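Which chain is which? They are A, B, C and D, in the order written, and residues in each are numbered from 1.
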Amino acid sequence: MTKTKKYWKGLAELNNDPIVEKLAQNEFTEEIPVDEFLGDSGLANSSTSRRDFLKFLGFSTAAATLAACETPVNKVIPYVVKPEETVPGIANYYASTIYDGHDFASVLVKTREGRPIKLESNKTCTNARVQASVLSLYDSARLRNPMKDGKDSDWKTVDTDITSKLNEIKNNGGNIALLTSTIISPTTEKLISDFSEKYGNVKHIQMDALSSHGMLEANLETFGVRALPNYNFDKADVIVSFGADFIGNWGHPNNESDYSKGRNPKNGKMSKHFQVESTLTLTGSNADERIQIKPSEQAGLLSNLYNALNGSSTLDKRIAKIVDSLIEAKTSIVVCNSNDKEVQLLVNAINNKLGNYGSTIDMQKTSYLRKGNDKDVSNLVDDINSGKIDALITYNVNPSYNLVNADEFNKGLGKVDLKISTSLYMDETAINMDYVCPDNHNLESWGDANPSNGEYTLMQPTINPLFNGRQFQDSLLSWIGSSEEYYNLLKNSYSSWEEKLHDGYFEGEQVNHSLTSNFSAPSFSIPSSKGIEFEISEKISMGDGSNSNNPWLQELPDPLSRACWDNYLTMSASTARDLGIKNWHVSNGALNGSKVNITVNSKTLENVPVLIQPGQAVGSVAMAVGYGRTNAGKCGTGVGHNAFTFVNGGKADISIIEGEHEFAGVQLHHTMMGRDIVKETTLADFINDPSSGNHREKYYTHDGLKTSDQVTLWDKHDHQTGHFWNQSIDLTLCTGCAACVISCHAENNVPVVGKEEVRKSRDMHWLRIDRYFSSEMTKERSAEEKISAIDMYSEMEDPSENPEVVFQPVMCQHCNNAPCETVCPVAATTHSAEGLNHMTYNRCVGTRYCANNCPYKVRRFNWFQYSDNDKFDYNMNDDYGKMVLNPDVVVRSRGVIEKCSMCIQMIQEIKLKAKTNGVSVKDEDVQTACSSACSTGAMIFGDSNDSSHEIYNLKNDPRKYDLLDHLNVAPSVFYQTKVRNKS
Amino acid sequence: MSRKTVYGIFDDEEVLLNSVKEIKSNNIDIKEVYTPFPVHGLDKALGLKETRMAIAAFVYGCLGITFAGLMIYNIMIIDWPMNIGGKPNFTFYHNVPSFVPVMFECTVLFAAHLMSITYLIKCGLFPGAKSENPDPRTTDDKFLIEFELEGSTKKVKDLLSKTGASEINEK
Amino acid sequence: MVSLTNLKLRVLFLSVLCFLSFNSVAQSEGEQIFKSVCAACHSIGEGKLIGPDAKEWMTSERFTSTEDPEGTLIKYVQNPAAFGVIEMPAQALSADEIKAVLNYINEYVPEEKPVAVSSDLSEEEEDNAISNIYIYIIVLLLLIFILTSVKNSLKESLSQPTETVLESVKNYITINRNKIIIGFILFVSIMYLVYNLMMGVGVVEKYQPDQPIAFSHEIHAGLNGVDCNYCHSSAKNSAHSGVPSANVCMNCHAVVKGGDDEAKNEIGKIWKSFGLDIETDDFDWNKVDTYTQTPIEWVRVHNLPDHAYFNHAQHVTVGGLECQQCHGNMQEKTVGQVATAEELNKIDYNIKDGIEFDHPTLTMGWCIDCHRQKEVNMEENDYYTEMHKNLKEKHGTEEGFTVDMIGGLECGKCHY
Amino acid sequence: MQKESEIRDPLILGKKSYHDITLDVSKPVEGKANKYWWILFSISFIMFIWGVLSMAYTIGTGIGSWGLNKTVNWAWDITNFVWWIGIGHAGTLISAVLLLFRQKWRMSINRSAEAMTIFGVAQAALFPLIHMGRPWLAYWVFPIPNQFGSLWVNFNSPLLWDVFAISTYFSVSVVFWYIGLIPDFAMLRDRFNEKTAPMKKKLYSFLSFGWSGKAKHWQRFEEVSLVLAGLATPLVFSVHSIVSMDFATSVIPGWHTTIFPPYFVLGALFSGFAMVETLLIIMRKVVNMEAYITIKHIEYMNIIILLTGSLVGTAYITELFMAWYSGVEYEQYAFLNRATGPYWWAYAIMMTCNVLTPQLYWINSIRKSFIATFILSIFVNIGMWFERFVIIVTSLHRDFLPSSWSMFSPSIIDIGIYLGTIGFFFVLFLLYARTFPVIAQAELKTIVKSSGSEYKNKNNE
């Protein structure tokens, strides 16, 4: 986040009037007249399009189709009493918090006409799942009413029943269990203790779908604090991660931006990052050196490392470099993803040995994002089965799906008298419950959060509840018998409430932990095991599976395998060869693969597809959790297999079976084929020569050697007058986290097309993140070994088994000599003086010539009508899902080409704002959807005609290069070479 | 005063040609000759002027290229200049290579169509027009000379039979 | 009576104030307030509108009879209910603000009104149509003449008898009388249909649908001089001009209930949207939240297609256009109507800006007409400083930079 | 009277008087169709209907019903388009270029070859239309004044050049064809009796425009034919050059090639002549034209096929050489991929059918055999279809960024549309064969004396 974020953009900022501020408190006492249209009889039964819905609210644009000949009679329906803060056509921003038990983010919510349509980062990074959670708000699979025994009921009945039963249990001295996700809300914690007080024997158990129990316990033993430390990856010179995917899914969301702060070669210094892992993770793919091990070797290697640091000479060769670097480095961090307390104790000892506590690892500003206790959970399952639990209330968890012993849990549920779920969905757990008291979505709820010691964020509703749900906290209050509203409770807990609510984030009191330092270093040896070992992995898109019904996430390709709508067993090529497992392409290029039955710890999953994944350690396999939901909704149900069954890993027994699986991959070739696409250099070379690795081919001309841009027959167009919008993408800083992809989806109404269409290579992503693996075959090697060109190229297609990975976000490059523009017969795509390639959808007749002639292949064709089409039953075809559409961007009809517009609607908006205020456009104001979602600062957008913009310098940076520069298409998007910190 | 029409019908184009030459040398006006196919030398024998169709086509072609040039100039340079692919579209001169194909096609289009239309008009050919050949066999295998005479027809008839007409009719 | 709703009212008025302050910098505070708040019901020196003439306020017996007439007036304005009369709604204005208004009224000098341009379109249109027909007839006669001579010369070349125009026409008509009549009627009707069909595509000029309420812009904006932005309040700062929500109407119509039955009937529809009956119920701002609200379903008049992005703020606030330049003299019409291009060409502002429309209103050509002709005022806006400098260098002139020169013809400016 | 060298083989067999020619040409129109005709027509008509349904489905649901994807945005559609356009070229070449060169053997085949041109170009013109995402807006490609202020077309786009080239080519071909047809229609008109066949009489009277065969008209007719031929000749070369520029002016490796214009024109002639042979060998049987379409005609065409086939082969080799010699890795890979990549089989078919099999025409007996010619002409048609497929699909499927590489496989709709156009083409051609004078009899009558076998024999005696 290189640009200063500002809170509360929009109207309130415009008129900094005290009255407006005062009014803000009351903003939700107004009924926004969405009920008119959202009642069950309203939208659910009508077939209104997005635009019709907007017309209900008045003021927005007209007909649903791109080219309507006749003039239909359109209605405008204004509010009866217009809420002051809502000005039709102007977005409001509210600071809030997203926390679903797995992901946490402090966000700004952009609303239009009272509908949240986009989330932006406020104080923490927003990952792809957080970005996408705005769509989950409008999920039509959400429960409409409280349920009793699987049937619609009403709150009064449900509350009466529950309260009387709870009282009965209390009077009988029964046990009540409250199974929740990690609770980071102090007010909720207080409420839960009130509840316990009221009903006596209440056990509050916190569980995490992917738990950090081992680490928490280890810290408890070492430091006396059961919390996760705060890592300062920006301060570490050497980072060693044993399997911990801290960029993607492990730990605090800000790890990613911290990490990239320490990796900016501009400072002449980069941290050195080693990753020791068996499954290729996002973090591993960004590492300078990646060492592949089997899962069972992790503990032994750590032990070996510890001993080496203490002077032992029996050093495992694989980690020799790590030891050298660690000893040399002033500061370092060693992290490990193990959920074994003993292993984590060892990690603590290593960090202590390296003197990292206090310098790079902060045990005071501890993180509270994971508090789950595996022992409590397994005790609970035992208790349930032995009939000791009389009432079970679940909140924010789905144990019937993601417990390792979900079967046992489900079996025991019959013995519980009162079972209540507060899930938003009729999910795997809720379906087993007597009562479902649907919670509200984060964006409809009040709340607070204490993600780490001293840090607080607030959550505020940005829309009236869409359905007849109720916040969990209000449910608790009503079961306690209190007449208080949670909102008041919350408001009274904080002083200067409005200001804090406005900012959404504040630093509060920091508890001073009194730390012990009880280090111990258990010793492990490296087992000499044969056979295949299993471990679970987590996808950046699906996480723990709670957002499984979100079509944006389902279609978000995994950054590493580039497959979507699926999970699968990942396996290295040589292991697959040994087992006779194959992946192959069918005639339209789509990937098919063998299927296997896999047994781990005597549990079996059948019909599991296998995807050959470079970077997966030989002799190991992995599978992502979050799939195989049976009650997720129309998008998530039945996609993939549930890997939570195998969450503890172990020896895997794999038998290949008949049949083939159809994958949906968006990238079918995985290597750069020796081409100069991602330009790379090493840190040492970069320090010597900042332009190293950035070679630009020169061509013979009548007056000497010249680069392609100097050889032109044409006079240049004037791009000096006015703005010239450029975007720089720093390949060193880009981690491939894909938050930008979802942000682009949300901002630009990009359609979701489904697995079948993705298989046909018809994904609609405007922004894609190309991922290339290195290959064993290089041009140099073929020259040396005299390998023929045919053989060389065919071998180049195969990635290495332990490849170097590069990520390259590619969107429309907005070429100033655009090949696509020239060839359009109807001039539907033209160039602006501001350096943008305009795509005029309504002029397009759909010859697709531009898409053919695009060297970057970023143009997307609407093969079908994706909105209002039953065949594509995703958000654009759902009356609720349509509410997330951005009214400033047209929904493309079938038969036209669409592509990245560099978020021209945002540019125009910011220009208008500047013109209204009579000032020039400020650097910090201009953003595209992707650059605003980028937490590492890899994407920088701005006006390169204005020297006060950062992009001005980046354009003249020696690392800057144009993709495919030999074509001289003069893109407005350019890249900065990737610098690796390796020798 | 009575006008008489005399038809001389021939079986062979060479005979016809000789006959026409003979008649012409006798200074008798031939009204028209109908043949099933173009007979080479007949136009010269009849003393017809050379047709100016080719010149017309040339003029039309010039018209076409001018039209296309002006149209493109107006559209691309004057009316709504746009930056298309960074091409030098602000002067006609710089961008003219892109315009050559269309200008060429328009030249051919105009020349071919307008010439054909001129031909049809000049020959009085249009859908629904009545045919004027006096004998339907003239489109098959007969060659016919038509005379319109005042007074005696004998001289002509004699000449015809002498030069090999297979049939001589008078109306 | 400092209630929530009142507070909202206040904000609303203040925001209107804000919008107006964009409008003209020179306006005094009193003038702004008067125009935005009072002008709906009161004129200055032009007699009674809905309420009494402002010049007569201070002479009213209600105030002159008290010790401090001005103070009483201020109290009255702030809360008329306290005086036991509900002649006007309470106005959320401070004492200072009201004083400013009174000052303004005292110093008010009537402006000279511009002479109204004749808006009698029909006569001129007819003239045009007739002269057009003459031209067509002459052309047709010429054609007949030429064609006949062509035909005659052709016939001559075939040595057939020639005939004059009249002869041939006569002959032809006598032979084919019935065919000609039927054919002519058919031809004309088909051509007429086709022509109408073709020219009607996408053209919405004069579109004036019936509205649920027989609202008259003439009465509101014309006679009573209510500022356009009072009701269409978001035009200054949003893409949409906005249709006023019913509470805006009630600012006046809570009190103004209409003189005759017809008016009362129409105003009653606003009341109905609050679930109230104008005859029997009272309107209380404090109870608004308790009313059963049903929105009024207006019919959209200006329908731009989905793919065309138009922003009012850009044109009104930045471009400095007057509403009439695109919407015509709405203050002379009843319910909303799409103005014709001819009408717009007669608007003074357009004449002054040198804008002449060649294309029907709301077609793309119409937008482009203006973009090609309207000059951008770059002097007073710092946003344009750098651009202006470059443009002067590039074109070698000091002024005359029209919208198209700064990218106003680029597709992506309106289509995305 | 013209005389012809005696060593030349006769072009009209048997003892044919002028009247015999009239009878032979009008026989298909006057008589009833034979069973071959009905069989062929039924098959074609079924294919045509299938094609119509496939097109309707495409327009109804979207281009997604084809096998295209984000990387390969053109495949069978444009392949078929170029193929049909190419087929059209032979007709114009026979009627125009050979007219300019005074090749008499063209006279008995030019009418049908031109009909083939027109029907072929009509098929071709379908594809740019239906391949559009929104074909109902196809009129936007014409520079029509409009209410948009005014919004025009882009004269830089090769596709727009195509629009002009194809519409000019199509309309000029139709005019050229029709001008030649007028005297022949007049002949048919005069053969029908007002009493016995009033409808046909009326029809052909209408079509013949009142032609009477006057000397002046014949004079103009000849000049117009000659000038039209002169215009059509550069036109035919320009059309396929412009079609090739769709590819040549792009940036895609494998497309961006300066050799394309001549290479495409040659390929077009090559495939066109093959199609003429295919059609004529069928037609001479179906409508009994054995006397006029002789082995001599076929042999002449075979020689042209041999020549153009070898030239096309040279172009293929040149392309490979240029790719290697350019030193551009993208270009090199594109051609390596053509020959050895996933679509190697298409490349192999192309090479075999276009370069290797035509070499068989060096053998005298094959060159002079109807059956061998028929088979080989089908081979060439297939080969030339694959040439376009190779150029379009294999260039697109692996271009610059490997991340976007993809494959193409046709859907049932793709296949339906292609076969549909073949059906449509044959429906038109078979209808033509039954209603039109299939041989330019007026012209043919001018050479009876010089090239008819009867007269030749007489002269030899």
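Observations on the model:
The rule is simple: contacts are C-beta pairs under 8 Å (C-beta built on N, C-alpha and C of every residue); 3 or more make two chains touch, one makes a residue touch a chain.
Note that the structure is predicted; figures quoted are calculated from it, not measured.
Counting C-beta pairs in contact across A-C and across A-B shows that the higher total falls to A-C.
The most central chain, judged by C-alpha centres against the centre of all protein C-alpha atoms, is A. Centre-to-centre separation between chain A and chain C, using Cα means, comes to 48 Å.
If each chain is reduced to the centroid of its CA atoms, chain A and chain B end up 77 Å from each other. With centres taken as mean Cα positions, chain C sits 63 Å from chain B. Chain A and chain D, compared by their mean Cα positions, are separated by 56 Å.
Multi-chain contact residues of chain B (touching two or more other chains): 80, 82, 84-85, 87, 124. Among the residues of chain C, those in touch with two or more other chains are 202, 410.
For chain A, the set of residues that touch two or more other chains comprises 67, 819, 822, 824, 827, 830, 832-833, 843. Put simply, chain A touches chain B in their complex at residues 714-717, 815-822, 824, 827, 830-833, 970. Chain B makes touch with chain A in their complex at residues 82-88, 94. Interface residues of chain A facing chain C in the complex, by the touch rule stated above, are 14-15, 17, 19-20, 22-23, 26, 29, 31, 33, 36, 51, 55, 58-69, 71-82, 84, 87-90, 718, 720-722, 828, 830, 832-834, 836, 838-843, 888-891, 901, 904-905, 908, 911-912, 914-921, 945-946. Considering their complex, residues 67, 585-589, 667-675, 677, 757, 760-763, 768, 770-772, 789-790, 793-794, 808, 810, 819, 822-827, 843-849, 851-853, 855-857, 859-865, 893-897, 964, 966-967, 969 of chain A touch chain D. Of all residues in chain D, those touching chain A in their complex are 61-64, 67-71, 73-74, 128, 131-135, 137-138, 140-141, 151-154, 156-160, 162-163, 246, 249-252, 328-330, 332-333, 336-337, 340, 396-409.
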